[in-house]
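Some notes on the structure that comes next.
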Amino acid sequence: MKKYEEMIKLRREFHKYPETGWAEFYTTAKIVNFLKELKFNIKLGTSVINPAFVQGRDIKIVNKGIAFAKEQGVTDDILDLMDGYTGCVAELDTGRIGPTVALRFDIDCVNVNESNIETHKPNQENFRSIFQGLMHACGHDGHMAIGLGVARWLSDNRSQFRGKIKLLFQPAEEGVRGATAMAESGIVNDVDYFLGMHLGFIAKSGEIVINPSHFLCTTKFDFRFYGIPAHAGAAPEEGKNALAAACNTAIQMLGISRSGKGMSRINVGVIQAGEGRNVVPAYGCLQVEVRGENQGINKYMSDQVQRIAQGNAYSFDVKLETEIMGEAIDLTNDKELINVLSNVVDQYPNLQKIQNRSFGGSEDATILARKVQSHGGKAIYFIIGSDLKAGHHQSEFDFDEKQLITGLNLYTGCLLSLLKK
Amino acid sequence: MKKYEEMIKLRREFHKYPETGWAEFYTTAKIVNFLKELKFNIKLGTSVINPAFVQGRDIKIVNKGIAFAKEQGVTDDILDLMDGYTGCVAELDTGRIGPTVALRFDIDCVNVNESNIETHKPNQENFRSIFQGLMHACGHDGHMAIGLGVARWLSDNRSQFRGKIKLLFQPAEEGVRGATAMAESGIVNDVDYFLGMHLGFIAKSGEIVINPSHFLCTTKFDFRFYGIPAHAGAAPEEGKNALAAACNTAIQMLGISRSGKGMSRINVGVIQAGEGRNVVPAYGCLQVEVRGENQGINKYMSDQVQRIAQGNAYSFDVKLETEIMGEAIDLTNDKELINVLSNVVDQYPNLQKIQNRSFGGSEDATILARKVQSHGGKAIYFIIGSDLKAGHHQSEFDFDEKQLITGLNLYTGCLLSLLKK
Amino acid sequence: MKKYEEMIKLRREFHKYPETGWAEFYTTAKIVNFLKELKFNIKLGTSVINPAFVQGRDIKIVNKGIAFAKEQGVTDDILDLMDGYTGCVAELDTGRIGPTVALRFDIDCVNVNESNIETHKPNQENFRSIFQGLMHACGHDGHMAIGLGVARWLSDNRSQFRGKIKLLFQPAEEGVRGATAMAESGIVNDVDYFLGMHLGFIAKSGEIVINPSHFLCTTKFDFRFYGIPAHAGAAPEEGKNALAAACNTAIQMLGISRSGKGMSRINVGVIQAGEGRNVVPAYGCLQVEVRGENQGINKYMSDQVQRIAQGNAYSFDVKLETEIMGEAIDLTNDKELINVLSNVVDQYPNLQKIQNRSFGGSEDATILARKVQSHGGKAIYFIIGSDLKAGHHQSEFDFDEKQLITGLNLYTGCLLSLLKK
Amino acid sequence: MKKYEEMIKLRREFHKYPETGWAEFYTTAKIVNFLKELKFNIKLGTSVINPAFVQGRDIKIVNKGIAFAKEQGVTDDILDLMDGYTGCVAELDTGRIGPTVALRFDIDCVNVNESNIETHKPNQENFRSIFQGLMHACGHDGHMAIGLGVARWLSDNRSQFRGKIKLLFQPAEEGVRGATAMAESGIVNDVDYFLGMHLGFIAKSGEIVINPSHFLCTTKFDFRFYGIPAHAGAAPEEGKNALAAACNTAIQMLGISRSGKGMSRINVGVIQAGEGRNVVPAYGCLQVEVRGENQGINKYMSDQVQRIAQGNAYSFDVKLETEIMGEAIDLTNDKELINVLSNVVDQYPNLQKIQNRSFGGSEDATILARKVQSHGGKAIYFIIGSDLKAGHHQSEFDFDEKQLITGLNLYTGCLLSLLKK
């Protein structure tokens, strides 16, 4: 089965060269080159990423990604088109009247050191990450392989379809940073059906969760306080203490009232402040995330953390810089697409359909899905179960490669259902 | 010695009817009646107190004071002139060209329960406070007696003088609340020489501190936060937590940086917040005081506490009410008056002159003194030593009544020096 | 219908003389006198209240209650038996072998000023509370009336029964303060079936909620900090600041982490600290409550608040006094009793049976119920719906007196089902 | 003048290779080699540094220092003797009965990037620091040059003396980290006279401050909190939040009460806590310093910060590690040595003697001085004025090299006065 072998090969290549969010230049170039051969129309850079809505992008990491891509021989024509922004969208317009369907695949890795234990398959089969501290430990390598498998299949079967297909290769899903900028590029404005999925997580090999619930809304913030340094012994009153502002902010944030309307969360994950023991600290920053069971609660939490940071900036007379570093929302799958997927799954007797199971995490595909729903389109996000060697984001994470073919089958089945001539 | 006996009698009458700051209606009326007989020109109410600058005045306590005064037979004509504001100024204009000299006497008591121990002289001699919880435990009864003694003497000797004399009977010195409103009435705008003094404190009977140092600048604030109550179980997120605002404000205030420029102090003396255990608190208040070695440091501290309260009002989305409840500043005695006083003291061989001793507390006579100095007048504040039975503000406090005559001698000596025809 | 009229008369008498928790001396005496006439065996004082487990009892309020009872002619023999502790248990032993059934009625009022609006029935019918600030605004007056109605009926029908009946008149349900001390007296150690109920709340007249869910676990704490005062200007470093300890404790408590296991709550409802503006505060107290969806979460919250208070006592070098002021737990009604009650309700066509509805509050009957369940007994707590003029704890609260007869019918029905010869 | 030229050459060599506290291996080796040639008896490693009292030593920096020394050809015999601890003591025993005199020179640099401006003399004369981020910007290069100049002179003139001379080359003065470990090695236990000095600071070229006052007592602490991580969304209650502990500790420390006994300072200079945005933080550390006008106040502040950290460790149920990273105390110069120095200064007409000037900073030579005074020895610390190009610790700092000869003259003058045969 050639398609399957190609997907495995692709997956392992991606696995070997994991790239972190907003730095997936080499990864994007590989996808682009593959899709160009298949005659897809490729969009890159600011035509698929709106820079004004980019979240959590570190320019130093971006530059390292560009440098690596150049080392690997990625040519300037591609890099110029990317214009510093990773990800791409491949379009296939059948020329026949019909709906537009978008499939979304995320392409970034996580900041985990891959295990060097012998029994870890990437070690046995020689596709371990070449980068210290980076690893495809969440299955996005598999997602891309499925995406390219679907592209190959579409290319082979394009005459069967009407309408238009868009394959979205989204950067920076980790930290839920990339989807907003892609959604705000306008690339899904004409989409009638949006489909996304994840391997693993809450289901075993063979299980398909067609209607996962409890996508948590979340917003990630960085708060940076800028004060004025002063000698802590001689003239402490001349300082504006950014550390004090940051610490008080952190503590007040932890004290945001629970909501009677449902689950909420607050975490101040990181604080760094101060320059030296004997200097009144002039800089302090907080890495914060809030969550809510629904958008209302998440907004309540988001409003509170911003209000608290602003109040403390005033109290301590320091400057405040607030940056949204990521966001995801909740999702309700549309019945029409649940039915479509359900019928496809039923065609495979070895797959077990699970109607409803709690996802319990955050996914920024929800941002794209909501964008599509906001103009009357339909959206679905589903889980393709996979036995795992270790949990997501762990150094021995490995999924069941056989589920790549499941992914291909489900997506192509849905496309046939939605776009068959 | 009749003058002496009259002063002791007056002092004991005042002692028996102590009245707290801004409630000294009966006290003021007694002073007014005494001075009227001596043909002084009396000013009362808003002509000596500028209501816009009144600090720390509780209307319930004011009304109780008025009611007591009425019970004691104070007539409406006086109360009408007072118009709710205690204190008075008695003027004596000689009609002869010469400088204007103001002497200042404070008239309020403290919130202390007078001792009922047998050996306490007010018990033995039957002039114990008739009011539970109120006592002339700081010597202001003595100050008033001296003031009226000086008035009697002036009345007897008015033909010897030129210029103009003003006797300032200032309310609400405790909590340093009354002087600002008197200073802002304009009553000392034409004063060339300002003299004030205190009995006791830092000196024994026979000692006269002619140039006390270290008058601490201070400002007293009340901060009141108004939030929104909510059921703490059902809908805590609907509350605006005034207790949280008050507590965070208190803690941040304690953390105001020390000053490299000199001594500073911060005290959050009282906090009260919340209505019930299961209600998100909708009200919280703080009683705060700051101090500084000089006006610059006191201003730094005052600015900080206000800024912190405002920032927390913002953070917790509650309303803030800030009220200045009292203030005092520092003082540098003018050399000309130090010399005048020094020469007077030298005339009494039994008095020991002390050039310089730290006062270490706050006095709002400094506000009046600074007002006089600000237009080129001269000011002095001195200490008439007195052996004490117990410290100031203690329930067995009692000073040495013989020092009333010292007070009379020193003031009259200075007046002769400054205004002798 | 005589029984009905007697219950209304009783209810109105109780309504007129509301007594707050642990002060229900007059109320208890009335109950005792009524039950004595019916030949119940009465237990009082420390035989039904274990003083070591008494929560939230204020001795000043207790003494006022005793004084009022004496004024009303309650005799010393009853007061002596009560020995300072209110509430009573009336026992009826049929002498025939059979199970022991306990019914529980709470007897205290709430701290609310009763409305003087004309349309308020207690005003129209002349049974308004005679006490300013106290009112039976939660329906406990009705509960007692039902309890005495049941007693009358039992007395009339005792020959029909086997086993033993205990009528528990529990003090101090408000603030969930009284049940623990009654449970720890041993009075329910031999109980096989425990029944409790409430009028109103979550159901209208005619509705009977036979299996309410979501009884919130809660613990109420008072934390008192004792420091050392000092002059805030002269020697602030000599103070041990109890206000700072209390404020920091409050803020840290608000920051206790949410639980991933379910709903939790924290409220610092009241703080009072400090003696005066210029004194380092030597005393501070907090009124706190925590809640949890289940006992595990409530214990987590309780452990945290205590740990935080202790840590702050250490940090600020102040003494800490912790007192549990009340507690309630969750409850799962036993199926056997749900069935018994269900069958009784079915006998009354005008009553609508509601299987399950969220209670959403706290009730200390749960403590007694759990005690019974802990030795294998069965327990139920149900809601007798009532149309209300205003919500519970509001000044115009009034329930539908017709539901007193419903209460009587349901209890007697259950007793017949469980204890019929 | 050969001695002078040698000192300048030495100073510039030291300047070119600045090494930070506890990493001065190459520096120490240079000193050792110079002194060995002069036949001093050299003590190294744990015979002059007591490892149990070492403060603020970072093993990574130590290892880098050792590696650099090896690169520069420092031989293993010296490194073995140093045993990981820098600094040395050179002894000269005349064999003749007489007192023991110790001179102390500090040898470490500061963490400052040296200016590359053309007019900066080290750039013009080619002795700029070869290390990015390290610079002799406090004059310790000059101190060492003086120390070796004194050594040369002693070697040339040894026959003139009686008694014993110890030259202490102390590591890690910056951060006041090194003196305690040297004092606790016992190396000054037999010292009768202790002399130390600093170039620059509070005096210009030509001024000699023979009795500087106001050496501030200080203690430097690192506090490290170890909690337990947890997923901030799924199970936050399972975490023990070290960030919350650290932030609350910081804020409470800032709120330590001012002292009525004199100047105090607190600075939380650096905080770092947390591992990632979505993880309950398991680690947090604070870099803190306290200061006091005298040892009593410094102890009060030190006690408070430790108490606060401990209380918070308890509140947040996290482990606490406290490390003292440095300390210095105050100093009163002994009259005998003031007189000795005064007479020496008087021999140089171009030097201006300044009796008393506030130092206003901290110096750990005070620890060695106090050790000597504690067994009856005498101590002095003085300032050799120097015109400076920029303030201490600034990137264009440069002192007046002519003052090296002043240093030599004053030390040798004192040695002659104290130890002349």
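To keep things simple, chains are lettered A, B, C and D as they appear, and every chain counts its residues starting from 1.
Just so we're on the same page, contacts are C-beta pairs under 8 Å (C-beta built on N, C-alpha and C of every residue); 3 or more make two chains touch, one makes a residue touch a chain.
Remember, it's a predicted structure, so these values are computed and weren't measured experimentally.
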Comparison of C-D and A-D by number of C-beta pairs in contact, larger one: A-D
Chain separated most widely from chain D, comparing mean CA positions: C
Distance from the mean Cα position of chain D to that of chain A, given in whole angstrom: 52
Distance from the mean Cα position of chain D to that of chain C, given in whole angstrom: 68
Set of chain A residues in contact with two or more other chains: 233-234, 236, 241, 244, 248, 251-252, 254-255, 257-258, 265, 280
Touching residues on chain D, where the partner in the complex is chain A: 175, 216, 218, 220, 232-234, 236, 241, 243-244, 246-248, 250-251, 254, 265, 267-281, 284, 287-289, 291, 325, 360-362
Of all residues in chain D, those that touch chain B in their complex: 251-252, 254-255, 257-258, 263-266
Contacting residues of chain D [partner chain C, same complex]: 231, 233-239, 241, 244, 248, 252, 255, 257-261, 280, 300, 307-308, 310-317
